[in-house]
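Here subunit A shows up in two complexes: once beside subunit B, once beside subunit C.
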Partner chain A sequence: MERTRPIVYGKGLRPLSIATVVAMAVSLSLVFFYAPLEAEQGFLQKIFYLHVPLAIVALCGFVLGGLLAIQHLRTRDPRWDMRSYVVIHMSLIFAVGTLITGSIWAKGSWGHWWVWSEPTLVSFLIVFLLYATYQPLRFAIEDPERQSRYASVFAITAGAFVPMNFIAVRLSTAYLHPRVLGSTSNLPGPMALTFVVSLAAISLLFATLCKYELTAKHTRAQIRALRRRLAGESAAAPPRARSAAPSLQHVTAMSARATGSSAP
Partner chain B sequence: MLAAALAEVPALPLHTAGKYVAGAYIVLFALVLIYVAIMAIRLSRIERDLGELLSMSENAAPDGAPPSTAHAGSQDPERESAPA
Partner chain C sequence: MSGVHAPPRAPQTVRPARPPRLWPTVRALLRKELLVELRTLESVPGMSLFAVATFVLFHFALNRSSVEGDLAAGILWVTLLFAAILGVNRLFVADAEQGGFDGFLLAPVDRSAMFVSKVLTLLAFLVVLELVAVPAFALLLLGSPLPPALPGLLATLALGDVGVAVIGTLVAAMAVRTRARDLLGPLLALPLFVPIVIGGARATSPLLVAVHPGTPAIRWLLTLGLYDLLFGLIAYALFDFLLED
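Up next is the complex of A and B:
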């Protein structure tokens, strides 16, 4: 008899949420009451403790989505597709935050909301627009199996594009865009500490929201499976409505079997 | 005590770039708030679905016997919401 470990995405969500809230509170305290004012930009530089971690986490999330998609193609396990989907979805939201906070900084520092001649801005916008097509791509494919396969291929290709794009822009441009990571060694201790704590806080926020989203999606899938079962249908029946989100029906069916087989 | 702590806190130079910095941090707060609101809507939908499932299971087992679904134990809402 097939035995599969039942999935509980919500496990550890509470301590992760508490850690995120504490880290965010510490980060904000350090940004506003500990880190010294930067000599050239003054108070406006405080935006970087938010903008740069958002950008780093968003870009790393896109790459992570590609790595999870590789795992999906290797194992054909829909759980990896779901993880890849949620990570890319969340990275897209963080990318929106990056673009908005970057524009606010640009307005305060350069006097313009957007500067088309700045390669870092435009390259990030290209990455964002590339990933903005991910969900429409998924939605356009009706068959769940093909949808997850094609989406994984897209996630891998786009995930490889992200670091190449980042490196190409850094190598090809004069350093017009403010560099925070490139000059970490030159940062004063309090600034470097504040930046690292901010990065940790934003990373924790990302992880918490991803876990929250995975738990919600899995719960919905379980409820749908239970509804079908109570209605007298097979729990592994094909979905009735088209959706961009991956289907977890096989997983909920396997989880149900595992829970049933392990019950006393 | 709070007043003493606040008196020790250095004043923020909000008059220079305060509106931009405040705007950036409000954006993050708004994004998280919107996300929490969406999740609250989803949670209420899940709660409604669970209520429907409960009534379906009661109709399926009119003699009061618990339904023999595989998830009945692991999906107990009271166990999920019980404090640690």
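Up next is the complex of A and C:
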């Protein structure tokens, strides 16, 4: 008799984790042993290989969260909402990383923890302030279905706001400070290579962390559904504790019941 | 955006012979909103008083009797936005508490009518607010003459108001049925208003100088226009999803 269906979300988690570890190791070795020291900033410039990829990945994550939310509103499948939630959640963490590394870099090269002339940093603060209301918004809505719907509306609006905000902030900075790079095109070869590898490593890290969170949430929901079945089909679902995170409770309950009915 | 009162995604079985078109519905809703505001005077007087009181606060906080340029533009825009947030917070309260949403959802009309009418309502509130706040600002704080700045100022304010009305309506609808709506509304709205402050204040500041006032730079007006267009479309498309229950 088939006991449970295989956990789909955990599939490929191990190879992905290994790939991430390898990529991070390669990227860090490149950063410290291969990439040349920058002429003006010296060793400090190496934070660039962490700061800029974090920023890019967080930014893409926010936009991706909006795209997943569009999918959620189109299909009404709570799994899309879960993905959108996890991606935004992780991007928020990466955005905090961007703010901290950017702040350290600013302190090192200009002597101040905060510089308003650095548009990336300022934009990130605004985006961070906006997305910091994502979880309070979810938390303030009790009905899970409405919570996910409103969260998706927020995610789409905010996802469109991210590029708009960058345009406005970049326009508003009167002068751009001499950037180590505006684009990767003016980087010398070894630096560009290190940057690309770092970007790939951070992207992999993002994907892996998202997958871990999705797997954990999905597993928890499955365990809860199985426990309920063990307690008897008639046992009413316990009142769900209020939470900002979406739950897959009703989905897994349905799928568990479906597999249960196939097995005698 | 089906115009029937069946639940969404259900097959459309009953359809009124001729569903009311969007604009008559919008006009009726707008008339209702303005009547309610005229009879209760809940939002606009409060917003205007708030703006004037904030100018007084700025006078003492900055210890200046007159301001110009960047400072003047910043004070004007921040005050207007904060006053607008008061209106945003109240925009849907009556609908949520006294069955306005239910009544609207039961009516066989296009759901977008509510969004359009609320945006126009908020826009009207903002225009009245500015009719009070801008002269008051010129009287109390502004160090440069207002009349030469008026054409540019009006254009910038109009563009800014559209953005505030669109985003304000979306945020208000999102916040009104949460438990912490008074808190969530401003928290959601303020970061979203940042591009409006950037565009509005930068466009306004060259107008508000005593000697050789300039004209608003076209790129700021473009930024505001792009913002209005982008979020107007997004809010229009997403608003229906906030009304579904």
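We take it that the second predicted complex is superposed on the first by the 225 of 264 C-alpha atoms of A that agree within 3 Å, B and C clash if a C-alpha of one lies under 4 Å from a C-alpha of the other, contacts with A are read in each partner's own complex, and residues count from 1 in each chain.
We adopt the following convention: contacts are C-beta pairs under 8 Å (C-beta built on N, C-alpha and C of every residue); 3 or more make two chains touch, one makes a residue touch a chain.
Predicted model only: the values in this text are computed from it and were never measured.
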**Prompt:** Touching A:Leu171 in the superposition: subunit B (first), subunit C (second), both, neither?
**Reply:** second
**Prompt:** First (subunit B), second (subunit C), both or neither: which does A:Leu209 touch?
**Reply:** first
**Prompt:** Which holds for A:Tyr150: it touches subunit B only (first), subunit C only (second), both, or neither?
**Reply:** second
**Prompt:** Which chain, subunit B or subunit C, is in touch with more residues of subunit A?
**Reply:** B
**Request:** Check the residue A:Leu50 against both partner chains and state whether it touches subunit B (first), subunit C (second), both, or neither.
**Result:** first
**Item:** Partner chain in contact with A:Ala231 - subunit B first, subunit C second, else both or neither
**Value:** first
**Asked** A:Gly42 contacts which: subunit B (first), subunit C (second), both, neither?
**Response** first
**Asked** First (subunit B), second (subunit C), both or neither: which does A:Ile223 touch?
**Response** first
**Prompt:** For subunit A, which residues belong to both interfaces, subunit B and subunit C?
**Reply:** none
**Message:** Looking at the complex, which residues from subunit B come into contact with subunit A?
**Reply:** 9-10, 12-14, 16-18, 20-21, 23-25, 27-28, 31-32, 35, 39, 42-43, 46, 49-50, 52-53, 56-57, 60, 67, 69-71, 73-75, 80, 84
**Complete:** subunit B partner, complex, touching residues on subunit A are 6, 8, 10, 14, 28, 32-33, 37, 41-44, 46-47, 50-51, 54, 93, 96-97, 100-101, 104-105, 107-108, 205, 209, 212, 216, 219-220, 222-223, 225-227, 229-231, 256-257, 259-260, 263
**Message:** Considering only the defined contacts, which subunit C positions touch subunit A in the complex?
**Reply:** 9, 170, 174-175, 177-181, 183-184, 187-188, 190-192, 194-195, 198-199, 202, 219-220, 223, 226-227, 230-231, 234-235, 238, 241-242, 244-245
**Request:** Enumerate the contact residues on subunit A facing subunit C in the complex.
**Result:** 73, 76, 126-127, 129-130, 133, 136-137, 140-143, 145-146, 149-150, 152-154, 156-158, 160-161, 164-165, 167-169, 171-172
